[in-house]
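Letters are used for the chains, namely A, B and C, taken in the order the chains are written, and counting of residues starts over at 1 for each.
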Amino acid sequence: MSTTLINNVPKTAVNSNDHLTGNPFLLNCWYVGAWSNEVHDDKILARQLLSKRVVFFRDEAGKVSALEDRCSHRFAPLSTGRHTGNGVRCMYHGLVFNGKGNCVEEPGVKGVSRGTDIQAYPTAEKDAFIWIWMGDPDLADESLIPDCSYQSQPGKWDWEPRYRYFNADYRLIADNLLDFSHLTFVHENTLGGSKKIANIKPKTEIYDKGVRITRWYLNEDKVAPYLRGFETFEGAVDRWNIYDLETKGNIFNMDSGSAPAGSGAQEGTFVPEAMLFHATQIITPETEQSSHFFWSYAHNFNLGDPKFTTMLTDRIAEGFEEDKEMIEAQQIIVNENQDKRFAYIHFDRGLSAGRKTLAKALAEEAEYFASKSAAE
Amino acid sequence: MSTTLINNVPKTAVNSNDHLTGNPFLLNCWYVGAWSNEVHDDKILARQLLSKRVVFFRDEAGKVSALEDRCSHRFAPLSTGRHTGNGVRCMYHGLVFNGKGNCVEEPGVKGVSRGTDIQAYPTAEKDAFIWIWMGDPDLADESLIPDCSYQSQPGKWDWEPRYRYFNADYRLIADNLLDFSHLTFVHENTLGGSKKIANIKPKTEIYDKGVRITRWYLNEDKVAPYLRGFETFEGAVDRWNIYDLETKGNIFNMDSGSAPAGSGAQEGTFVPEAMLFHATQIITPETEQSSHFFWSYAHNFNLGDPKFTTMLTDRIAEGFEEDKEMIEAQQIIVNENQDKRFAYIHFDRGLSAGRKTLAKALAEEAEYFASKSAAE
Amino acid sequence: MSTTLINNVPKTAVNSNDHLTGNPFLLNCWYVGAWSNEVHDDKILARQLLSKRVVFFRDEAGKVSALEDRCSHRFAPLSTGRHTGNGVRCMYHGLVFNGKGNCVEEPGVKGVSRGTDIQAYPTAEKDAFIWIWMGDPDLADESLIPDCSYQSQPGKWDWEPRYRYFNADYRLIADNLLDFSHLTFVHENTLGGSKKIANIKPKTEIYDKGVRITRWYLNEDKVAPYLRGFETFEGAVDRWNIYDLETKGNIFNMDSGSAPAGSGAQEGTFVPEAMLFHATQIITPETEQSSHFFWSYAHNFNLGDPKFTTMLTDRIAEGFEEDKEMIEAQQIIVNENQDKRFAYIHFDRGLSAGRKTLAKALAEEAEYFASKSAAE
């Protein structure tokens, strides 16, 4: 993440009915559409993203394409179609579309009828993700793809891909990830910690691209519940979480770890037995009320032991189940109380900062589209 | 019920689309929110009442409180929270609310942030019910709580608490309870009776607080089907139902019974073998299209035999199942025919009287809120 | 079907959002409401037709009536009522309605209250169908009932009645039936055929009452997949489909067959071993988004063998399951893309002709109701 610090964390309440305003999604950015391994061989993956239905498939060279999931002819979904060479055949009347959305075959005739092309979305594949750009395609610069390179360092970090579906607005999930104070309550027996931890106030910084939240809890008695039994050392623990949200695309990268107390982690020295983690957590809106959650939890120890990686990841997943249950319950109450505002409490600096960077990005994007539309 | 007789039963049709008009619920009255035994120990009972979600819980002294089911902070439902001493802790970020709705604890800080209090509703506990007042709290006078004292006379009346959920507007259920003519058809094999009974016209009286409906059927061959096998005497039967609706709160108290024919019941003399009943039936709206139904069926014979009470109550419950099936089917047709009016037939005096008292009470309440609002 | 040829097949796209315009159903025509054998003895058949709930029942002489499924009194559905002599008794309060919709009995009173009659719809029974007229009853002329007489020629044609429910607009189903080009793709392994067949362009003719589509495929290697094992002759095959859509009522009559290649079928000569079929396929809208599909598949060979008829019909039914799956998937995408138009391709002449005749009939009917309303 860029290191331009713009520290101006809002101390006012965030309105719960933000999401009633016009445009709830950022469009001009790369979103994760799928894990790379979800699209293979002749599989056509159907997924709704930003309220639009999309199909993903690979051409014969393995390159991924994304098309709208709608045949131009009679609107049959292409996801019920068939992979064919470099394209997809609609299995209602047989039209074939290539990865650019061009209709390239119409049965029973040479050439194709006019107006049969459909929309294609720019895609890219990097760090085990398939990325998709659903905004102005002129801006789809691959150099803007967020860094998730922890997933591309075999031998240094082990991890496995996970996916979870939330019946909730992506902003409620982002709020949750930016907020450490819920760990003690929601994750009492999983990711959480002591009452003492509940009282530690994290440091919150706003950068040009997003938000960083840092929390150190030194000299704890034990590692977090999810790590019990996996300890690589004995005695007191220094723990930390450093969370970077990149606002565009809802990209959360978290460095965290547990090291022997006083071994120098806070000053940047990691002794060999320090347990280091890097979590990649990405939310892609499905609709205004539902979200895709792609995540991994890379670790630097017990490398080359997939069973360990699965067991560790399963423990983290338990915590996300707890979040999912809470956030989906919250969504119902939010929906029924559109006329009321969230109360702001002292622990809200992190999530308020996230909301603020989002509001700024949405405003800039609205301005971009307005001026583009005026120029046309 | 007050004995001021205001006899003016409407003979005109009641419009089925009454419930499209502004305010379908009376607010300034005591409603039954729960049976007392539904809220015990550390249980937090969640229930939607008059379209608002409420939680009930007891403090350490056993006093019941009712709060809106919404944490002020990020709108997590308190019903997923945890009972703590005299309050409830939201298990998202740990805020604690007392029975008055005050936020009394915010983790990690002394005192609490501003604007964190939530709404509390006046409650009271009487005659095995938890009562709740959801209108203007200044008017929540406990002396207005309807009399359900048959449930507080052990040794004289035996009964057990029952609850049933209806996917129907409370007014359709009240219509049903005020109408004896459906017994022959809906309850042919349960609560019903002969064709002769179907033709008996009940007496309907309007009082200041509600409606009384009285029906005597003298010298019947048998008791009602649900009493067969339980007879305390042989031979012909005088039967009666005297139904009091207290409009505010939808409180139905019914005295009914079966006595040996000619033994003087109609004149007020009850021989020892007379089978007397007192039914308490209360409808509390959940939403405009769904209702809670709390009921008991007290009897004055076979006392101290809980199995008998359960068996008798089960038989009555069969009849309510028949009502539920009919009323929920009716609700669907009512919803699809908002432009049409119910036809008025000669047996409608009871239910029309009920609708009339309700319309009057709703109008008075609208006037109260309008003048209060003007005064502010 | 009338033989007045009006050949003017549109070559422009049909707008997918046709069905957002005012009146999606033709009213002044006979629709199939049920198979005759669905209404028998004391059965009351409830079915929603053109967004209205209807009950069918027979009087003591066997004559079928159709009433709205709504008691005039408190809107209980008559479908939960009881057949009684020549009428239906509402089992809420006991009102009885005859086949003309007149309330003929009100319990406990001589005569009946005013305003208790309900709506009856003209019905007729012909060719194993119960027909219903839901438009202006003055126009309900039984001579307008479409011809389905293949179902009334025992000894010449064998068939059995089938019903299927579609979660789709009737127009999407009609599109499908008028389109042969989907057979190769949707029905690859059932009703379909070779790639060669996919490329044959059918002849489309518009008549005053509807559309005729004709397709001959001469000298095919084999019969269609669904006929394999049933062949009555060996060697090459001439196959044909001649499809008549009668727009009013969505009546599809299809003559089809397979004859030895060169045996003269195209010229009207059918050798004894020719396999002839007559399909009756009728769509009656349930709502704007759901439809009833009544169909039979008469055959002229293996007569008197009900097991064969069932086996053959089951094979066709497999094909309709494939259509149902595709059309219901299409409906979802159509609903989500009301702002977009179907692209027109060269194979769309048939379905575009069907849409055109429907648009014309709807416009004429709108004019009829407008002038009638002006005259009143």
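Assume a contact is a pair of C-beta atoms (placed from the backbone, for glycine too) under 8 Å apart; a residue touches a chain by one contact, two chains touch by 3 or more.
What you see is a predicted model, and the numbers here were worked out from it, not measured in a lab.
Q: For subunit A superposed on subunit C via Cα atoms, how large is the rotation, as a multiple of 5°?
A: The superposition gives an angle of 120 degrees.
Q: Is the contact between copies subunit A and subunit B built from the same residues on both sides or from different ones, judged by whether over half of the numbers are shared?
A: Mostly different residues: under half of the interface numbers shared.
Q: As a quick test, compute the distance in whole Å between the mean CA positions of subunit A and subunit B.
A: Here the centre of subunit B sits 49 Å away from the centre of subunit A.
Q: Residues of subunit C that contact two or more other chains, please.
A: Subunit C, residues with two or more chain partners: not present.
Q: Going by the contact rule at the top, pick out the subunit A residues touching subunit C in the complex.
A: Result: residues 53, 69-70, 72-77, 80, 89-95, 106-109, 112-116 of subunit A touch subunit C.
Q: What residues on subunit A touch subunit B, complex-wise?
A: Within the complex, subunit A contacts subunit B at residues 13, 16, 172, 175, 179, 181-182, 184-186, 198-201, 325-326, 329-330, 332-334, 336-337, 340, 342-347.
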